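For reference, the structure discussed in these notes is given below.
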Amino acid sequence: MNRAKIISAPFMHSIDSVPRTMLLVMLALAPATAFSLYQFGWPAIILFFIIIGSSLLFEALSLLLARKPVTPFLLDGSAVLTGWLVAMALPPWAPWWIGVLGGFIAIVFGKHIYGGLGQNIFNPAMVARIALLISFPLEMTFFMQPQPLFAEQSPNFSQALDIIFMGGIDIDALTSASILTQIKILHFDGQSIGGANGLVSDLPTAMLGVLPGGMGEASALLLVLGGVFLLAVRIISWHTPFAMFASMALIASIAHFFNPAYHPGMLTHLFSGGFVLGAFFIATDYVTQPVSNTGRLIFGAGVGALTFFIRAYSIFPEGVGFAILLMNAMTPFIDHYIKPRIFGRSKSGEPLTGQLPQGGGK
Amino acid sequence: MLIAVGALAALGLLLGVILSMAARFLSVETDPLADELEQMLPNLQCGQCGFVGCRPAAEALSAGETDVTLCPPGGVALAAKLAEKLHVEIDLSQMDHEPLVAFVHEENCIGCTKCILVCPTDCIIGAPKKLHTVIVSACVGGAACLEVCPTDCIEMVPVTVKEESVQSWNWPKPRSPQSTSSELATRSVDR
Amino acid sequence: MEQYLLILLSTVLVNNVVLVKFLGLCPFMGVSNRFAGAIGMGLATTFVLTLSAALSWLLETYFLRPLGLDFLRLVTFILVIAAIVQFTEIAIRRISPILYQVLGVYLPLITTNCAVLGVALLNLNQGHNFTQSLLYGFGSAIGFTLVMVMFAGIRERLELNDVPLAFKGAPIGFITAGMLSMAFMGFSGLVK
Amino acid sequence: MKLFNVPGGVHPKDHKELSADRAIQAVPMPVELSLPMHQHIGIAAKPMVQVGELVTKGQLIGMCTRGAASNNGITAPVHAPTSGRITNIAMQRSPHPSGLPEMMVTLEPDGADAWGELPAALDPASSSVSELVERIHRSGIVGMGGAMFPTAAKLDARNNVDLLSLIINGAECEPYLTADDRLMRERARNIVDGISILQRILNVPNVIIAIEDRRVQAADAMSDATGAHKGMSVVLVPTLYPMGSEKHLIKVLTGEEVPSGALPSALGLVVNNVGTAYAIHEAVRYGQPLVSRIVTVSGGAIKHPGNYHVLLGTKVSHLVETCGGFSQPPEQMLIGGPMMGLSFSDLEVPITKGTNGILALTKSEVKPGTHRPCIRCGACIPACPSSLEPQDLFVLVRNEKIEPALDAGLADCILCGACSYVCPSHIPLVQFFNYGKGQALEMRNEVMRAARLKRLSDERLVRSEEKARQKKAKQDARKKAIADRKKAHEQKYEGEVKA
């Protein structure tokens, strides 16, 4: 805060700053979000702003409680981004209290209990999502067919208020299961997924995002675009997303090859659920991923593999959140063991032995 | 009933035999840790820690009976080293009490040389019937001289802070951007 | 073969003693503040757990049951566990005095680590045979070690964080353990 | 020539266009010169003059006692930059971030600027190596790149190892600074002459003159000048900050890494700055001690940036006036470059032997940012030329974990500021590392003191044991003597009785 106190070089600086980073991530998220909001109509829009508002509120309260300067931290964009990602991880028509609770868990338990920005162990948005998923499985798996804004069936603003605040969802006809849930149901029934009504052929639509699912599951294509943008402006490094995609693609392909009746193809795994969102926007969270590039490769590969196993064998249809939390827990361990070789030292940290010319001394 | 008692007794006996054998063959004579710790201590035998020398202090440390901050001559550096060796957490702010050195009040000094004889580091100079004085940089603050002084003319005083010069100046620690309540609390402890 | 692998997978991840069964929390919180201590504790517990799981199975099958002494099960198991822990303690003191120092009171406390007795009893409950018992014990211990090491890393980082004063130390440790436990729920159903 | 890669590095905007095309100019004689007695690494010089004394240009005014006896001591003498009268010898405000006072000699120029009696010029070809080194030492020459390490002491490496090559550092990687660039462009022949003297002293077969590949004119001038000299080659190195760090320059040129904690001589190399070579030329060929240097005055707040030939001890305020003053109030005044330079605010501090630039930067150039918490983005890791993990060191130092920080490589940090430059949270990492290094030094001093005390106590123990042994031996001897006497007496008595 106190610039006058800082008397040490360097006195030049690159254009990077925390608010700039946060802003660019939000910019990258914007197209996919706008599309999702359009797809899911007024209730989704209202919920989106409820979550961001509550995140900001809890951020401000936490900062006040911790006696930290409120304004600069509130304006750095981190709370908005956290709220935004929570919103992307929730069902679009969830009741208001799910949203507020999500904001509360993410900001307070996800972040401020650990000491605030940059100090958390787990990704706040994923903490919120998983805590809510375990506590309120019904509300958290309520997905519906997209109801584009201004479409006939789409609720208008007052209906939307009713849906979000009064739980006035009376439209069972709209509820629908996401691809992964459908697969899971077939698994439970012991049926072959081949019979599921053209799951694989739905893929192009999945990429466009007109399938039932969470906010962040809509429109994998726009999310990929956002991710590529982040790579281009060097906000994220390619290591984590690449390793995630690669490990998932590899394992899913092998599994599908050996047991196509049980395992869906690689593309279904890559572009359904929150995998793309997770790969570009959540796993790449600076704070909770390893700092080294090698570490990031390991981290990403771990997330991809764990996601696959959780999706394929556990009781949960979707595993990105769990996988990211599990690998977040491994991050300090990875950072502890993967260190660069210091200049002038050997890999083990001993100073190099100089190649003294023989016969030194005259 | 008998079977139960017998069975338990037999089991207990068997395990007892095994354990006593283990204790026999895997016995540890001296405490190797204490040896290592003794090496780390200054070995000034000044007794400021309350033990009669560095060996007993090392043994107490190894047994976990005393704090790693016990040794004033070793200072914070030694405490940190011991803490790392023993894998214990320390609060270095506890160590913040200033190191003391002996100071001879010249008006009362009779030049008896008694203090010179007991000083573990020979840091007092003087001759019989001459004023004695303390070489501050060599004084460990053992206070052994205090007890033997017949006129009580020696006092333990804090080391006077060296005058800051461009050469001795160190960069101050920048302030943290988030002065949290916890940080404020530790800072007030420091004072 | 497959069932043995499943037992290992199940005990390490799905039914992790610490995070899913909530056994052995005392050493989990007590010794996980440093990598070295966590690894040492993990190894010591692995030794004790595996050995006691196997020994308790043998005692149950060839000693207690034939003699009709089922009511002495708890006493006997605890006796055996205590003996193994005592043996481990003597051995560690000899092999690594530093580790002995690091583990401190938690080493004898392995005796009362409910994970050890828990695993021995669970073995009987689930009607495992000898190999299964051995693996069950070993797997649980590996699960324990894994979580210990993972958690040690987290706590080394937490120590350097500006955790609010009210949450410093054990509170933040428990909250983190809770979140970790939540993450491990993702494995539920992985092995029936 | 094959070049190698260095880890890390950043590309800050260099702003050299501000002063690169301004020829070196002289500065009008200032009304007062202040000469710090400590313008080098090592032991400070002691004033050799009295207040009121008249001195000539080049007269010795500060010398260290140890340096006087031999040139092995790491110290350097100070000479009068012009003729005049000594008006003051006192502690005065120094050009140092602490703002603490230093011993300085104040000189009032008489305007004649008359050289006094100078040592005779030496012919490098016919003089002995020790003569040449002695001349370099007595001329007060130190590393002119900013490190200010006494050059004569550096050249002593020749006594310990067989040197392979001499590297001349013309890679002026700090933004804004063009002093070396201009020197190379305008006085290449003199520099090359200095280099050949160094080459003779060090007895190295080849010399590599490293210049950043954007400084084309300087490289051309140097290539022309080296034409006839054997074994000298000009090598263009990539423009990258911190290329001017000698360890990194060596890595780029040879692929070898200077071992942690060691000097380039461990690889059989010696690195010297172009400015140093120029000063050596003047000292050897004309007997002139180091009394002036080239300084770049630049930055957005300076009206007419340029490169100046400045007498040591000239006040910054005088130099700024020469440049037409400020065009706007500067946000930050710096000695040296913006990446590693020192901040100061009092314009009455003097130019010293290591001052390669005076910068007055505007707010838009400094881009001051809010210091925020570390978000572990890892941007500092690829920027670090020493392959450290600055974010890790930062967290450790912030929590006073100095020992773990040393294990993580704090001592290997060269304080280049690349990490701070890229840090999106604007964390003053360099200051944290400086602080950590200071703490480490204090800890080491404490350990050394403890070791010394232990030695004292051990010695005393040995002595008192020896005393006790002697005492016992004496007692034993006395006892024995008594016993013997008794025995003799008895024998005698017995004899008497028998008789």
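Every chain is named by a letter (A, B, C and D) in the order it is written, and numbering of its residues begins at 1.
In the analysis below, contacts are C-beta pairs under 8 Å (C-beta built on N, C-alpha and C of every residue); 3 or more make two chains touch, one makes a residue touch a chain.
The model shown is predicted, which means the values in this text are computed figures rather than measured ones.
The chain with its CA mean position farthest from that of chain B is A. Chain pairs B-C and B-D differ in how many C-beta pairs are in contact, and the one with more is B-D. Chain centres here are Cα means. That of chain B falls 37 Å from that of chain C.
Centroids of chain B and chain D (each the mean of its C-alpha atoms) stand 39 Å apart.
One finds 33 Å separating the Cα centroids of chain A and chain C.
Once the centre of each chain is set as its mean CA position, chain C and chain D turn out to be 58 Å apart.
Touching two or more other chains at once are residues 162-164 of chain C. Under the contact definition stated at the top, the residues of chain A that touch 2 or more other chains are 1, 6, 8, 66, 115-116, 119, 335. Counting partner chains per residue, chain D shows two or more touched chains at residues 97, 370-373, 398, 425, 428, 431, 434.
The touching residues of chain B, counted against chain D in their complex, run 42-45, 73-78, 80-81, 84, 92, 120-123, 137-138, 140, 164-167, 169-178. Listed in rising order, the residues of chain C touching chain B in the complex are 33-34, 36-37, 59, 63, 67-69, 71-72, 75-76, 79-80, 83, 86-87, 90-91, 93-94, 97-98, 100-102, 104, 162-165, 168. Here chain C touches chain D in the complex through residues 159-160, going by the rule given at the top. Interface of chain D with chain A (complex): residues 7, 10, 12-13, 97, 158-164, 175, 247, 251, 256-262, 266-268, 332, 334, 336, 338-343, 361, 365-379, 381, 385-389, 391-392, 407-409, 412, 417, 420-426, 428, 430-431, 434. In the complex of the two chains, the chain D residues touching chain B come out as 38, 44, 94, 96-98, 100-102, 370-373, 397-398, 400, 402-403, 425, 427-428, 431-432, 434-435, 438-439, 441-443, 446-447, 449-450, 452-454, 456-460.
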